[in-house]
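Look for subunit A in each of the two complexes below; its partner is subunit B in the first and subunit C in the second.
Presenting the complex of A and B:
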């Protein structure tokens, strides 16, 4: 074949020009992407550093072990972080089983059709509903209709409603990512549908599911509006009854019924006070909330990484 | 007086069958209501709990939200930065809950201007009305329109939102009509935002509680207000206490569930502690205490268990503590 065939050469040039052009587009897109990510990261960093620098003098052991007080230097977030922790505990144990089960059902068992489509659209939409709407729903349903009062249980259930769509969607995404041949191989050796789901699908999807759970929890920890709506307290200087007791059966559920406050409410209260010293407390609380969120997201990434490493297809 | 209490008891008994047990002693003294009164109640609750070990919780649902819970019997005390309204009063009556109205301290609504504002050091309520009244909307946009001799500078107004008790009191004291104010001002429920707004705007003017001005004296100037006697008076603890700072000093209240305050040992103990220490703690958190005699009168009023409000015919400006106590009727 002759090398310098003219028309072919012209084609080659055209193709090269095309490649160069597309590569340039690639670079432009990557540049824009980097710029967007970088500006978001910088914004978060500036915000976080600002809170940290302002709140730094308050972030010590006493801040975590003191109750709120009218004296800013003595005020702490004990009841607030305890409240947040207990509420999230309830949220976790309600939203995770229901959310994962719903995700598996929708992906593995539900018949595809208009009904499944309807549910799918609804679940996706629920993930975008403003949180105050969940608060109003919970106020009418949990607080008054079911008579649960302004308790940790109510708040936990409310936040689990908020978290459910996130868990369901991420479970489904994770399950969809499992190659069909894994399933087919399991079926081929005679596994039942449940065995396939339990031994394979859930195991492989776990990384994605965990990520969804923790991102959902990280969202729940910062939520203020629905918790205020259901009537969380602002000043509470005692802890709920302990979940662990000294006599059999060693656990009790009285704490579910207790009043509570959460970190964002405590922060909001302090930021609106006239004294500047309280604003420092608010900044410290904000830094704590962001650190908790970052910690949770970090754990999610680490868990996902570990689980993915173990899977060898 | 005994009669009103009897009525209260009968009413509570009558409804106790449908609501929760009225005479069951409370475990926790539950309080909710105004964010303005919150700092005083918080201080009292903190010390009371330390001293007695009795548990107290305080929520911040706003004065209106607090009354809703109070009239449902969910709380035993309600913090209020304005008197109870007829509608709320009726809600309580329908639920068989009668209340005792207790003023706890004064707050001075402080009109503030920018630090560089050297012309509006003194103003009259009429001039404030000219600025804030509903007729001013879209028309009074420049300082020069407020008074001859004021410089030509855009007028920027900052104030609390229409849901706040501070807004209500200012409107009634200045415009002298409920809920009647121009709508084109920058509103925020967070007074610190208003501080930022006025501090950053040479033509800015706003109003909020004295405590927020006291913490930001380096950034803001307070306007002396012309009182009934025709004198221009600066807002301060002294001028509020001697009554010369009017009409912008307002009483703050707590409302007690009458039957709980009469019969529940923990609630009773808490109220007694509150009234004995209200002066000290209200001063500590930036409000203005009543005089010793006035607190004595309030304690006596509480002991008679006289129910009802002094503001049955709507809001009233400039009532003294004595008048508030004397006028209380169901």
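Presenting the complex of A and C:
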């Protein structure tokens, strides 16, 4: 026995050396991984801080209440945020009903078969189509074929097409999480399919649906390329007609046809100018956009987190 | 008996109305689903119908082989290659940045990070995916390019390197989250088997988890390429909008998307050849991204049901 011990000991040392080496690799990789994530975080933090610090002196009430101007110190984003708000208003009222309805159809109504498959394939492909292609679609179809011009309505419809896949996918995911026995209970007391869907399924799926809507709206706020492609103007020093009027019927839809600009286009316009003073305006606009989108996405992520935590069927 | 009869018929009447409404709702829901198909057809229809007149005046051969794209000059040339070259170069730079960083992030998050780190990093990654690209364009032009000019003095103020790097950083969260999802889907038993054989975390990650999740990781890369090709604002802002047949990253060049933006910003004459040319360019872009997306989804689905 003792004679055999010697070579085995040698082997053991070798194995130990090997283990130490591989353990070291473990630590090295853990270090690299942490370093990569940390440096990415720091790089992005620096970028955002730079944007905020550059733009901060501009962000005041005047910036929000002034029209863009040739003089950078006078220029503001009144027409841009108004435009963004009105375009998003249209987007919301088009994309949300259609998106939620399509999601419900695919999860609750559609029978397995080629038709449902076709819709599904289309939805997932649409999610991957570059946003500028939607701009070309809108330019050819909405602007010229339907003669809607370069209006708020056109932009709102364009962005709603972009938002549709997001709403559809999140609606489906939310609905899929609801157990069958909820539906069975409702059917058992004589509810129709739509009553089950509307009074129960959608009510319980609301959190998830809302998350998708918020994320989609946040994306629509920052989307630039398709809105440029339909020919939105970059310099607008007037407001669209007010949606609310003083005489009956108090609501007016003329604003849908109005020319407009949106926040990211205003930012793009200011970046493209050579004067440094305009770049400060761009930074301020960027800070406004970033804060809006981060806030919305943050709310959505928090919402989803809470739902996951709270609901246990 | 006579009392019961009218109640039944009333209920039946209600039933008829109810069934009718139900049917109506089902049709409305189906129509909403149909819109997804209509949008795809709309895209194909518009791209094809608007670029057919373009190919009446420009031969397909010139479009695909000429290396000059000068739609605004006296002598008009329509060769898509310079735009494709710009697109490929910038996307290539972005991938050189994003693939290593994204893969390392994914492996770290899936195999090494503690639960707490994961719970903080993942939402932050999701937040980053939501940052508008126009903001990244600002970074590329006004922060990253001046920084790079200190290292490379020859760098033009519009160049492909800066936007490429920024696009890479933008894509990292995307690759990381898709790749991490596929690595997390690898069953725990496989890791346990590997640990039982005495493998370390790193060995397990590289020789067991990554090969098992390879289809998902490759799908993440392919989808990232597609995203890079379709990215518009970063390049339109920071790479210049002059078509330039070059693969040299320190020069300025236009991508397909940047060309579409530059035409859309100018005065667009509906039906003119300039107007038609953006649809032809858009068709090339659409075909490229669509085939990449299909390839990516196919890769993911084809090999993902093994466990």
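Here is the rule we use: the second predicted complex is superposed on the first by the 252 of 313 C-alpha atoms of A that agree within 3 Å, B and C clash if a C-alpha of one lies under 4 Å from a C-alpha of the other, contacts with A are read in each partner's own complex, and residues count from 1 in each chain.
In this text, a residue touches a chain if its C-beta (ideal position, glycine included) is under 8 Å from a C-beta of that chain, and two chains touch if they have at least 3 such contacts.
This one's a predicted model, so the numbers in the text were calculated from it and none came from an experiment.
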Dominant toucher of subunit A (residue count), subunit B or subunit C: C
Partner chain(s) touched by A:254 [first = subunit B, second = subunit C, both, neither]: neither
Which of subunit B and subunit C A:117 touches, first, second, both or neither: neither
Which of subunit B and subunit C A:231 touches, first, second, both or neither: both
First, second, both or neither for A:184, with subunit B first and subunit C second: neither
Contacts of A:73 with subunit B and subunit C, given as first, second, both or neither: neither
Contacts of A:272 with subunit B and subunit C, given as first, second, both or neither: both
Touching both subunit B and subunit C, residues of subunit A: 231, 234, 271-272, 279
Subunit A residues within the subunit C interface of the complex: 19, 22-23, 25-26, 29-30, 32-34, 36-37, 40-41, 43-44, 47, 50-51, 97-99, 101-102, 104-106, 109-110, 118-119, 122-126, 128-137, 139-141, 144, 161, 164-165, 168, 192-194, 215, 218-219, 221-225, 228-231, 234, 264, 267-268, 271-272, 279, 282-283, 286, 289-290, 293-294, 296-298, 301, 305
Complex contact set, residues of subunit C against subunit A: 18, 21-22, 25-26, 28-30, 32-37, 39-40, 42-43, 46-47, 49-50, 101, 104-105, 107-109, 112-113, 121, 123-124, 126-128, 130-135, 137-139, 141-143, 169, 172, 198-203, 205, 223, 226-227, 229-233, 236-237, 257, 260-261, 264-265, 268, 270, 278-279, 282, 285-286, 289-290, 293-294, 297
Partner subunit A, residues of subunit B touching it in the complex: 28, 30, 32, 35, 38-39, 41-43, 45-46, 49, 55-61, 69, 74, 189-192, 209, 211-212, 214-216, 281, 284-286
Interfacial residue positions of subunit A with respect to subunit B in the complex: 67-70, 150, 231-238, 259, 269, 271-276, 279
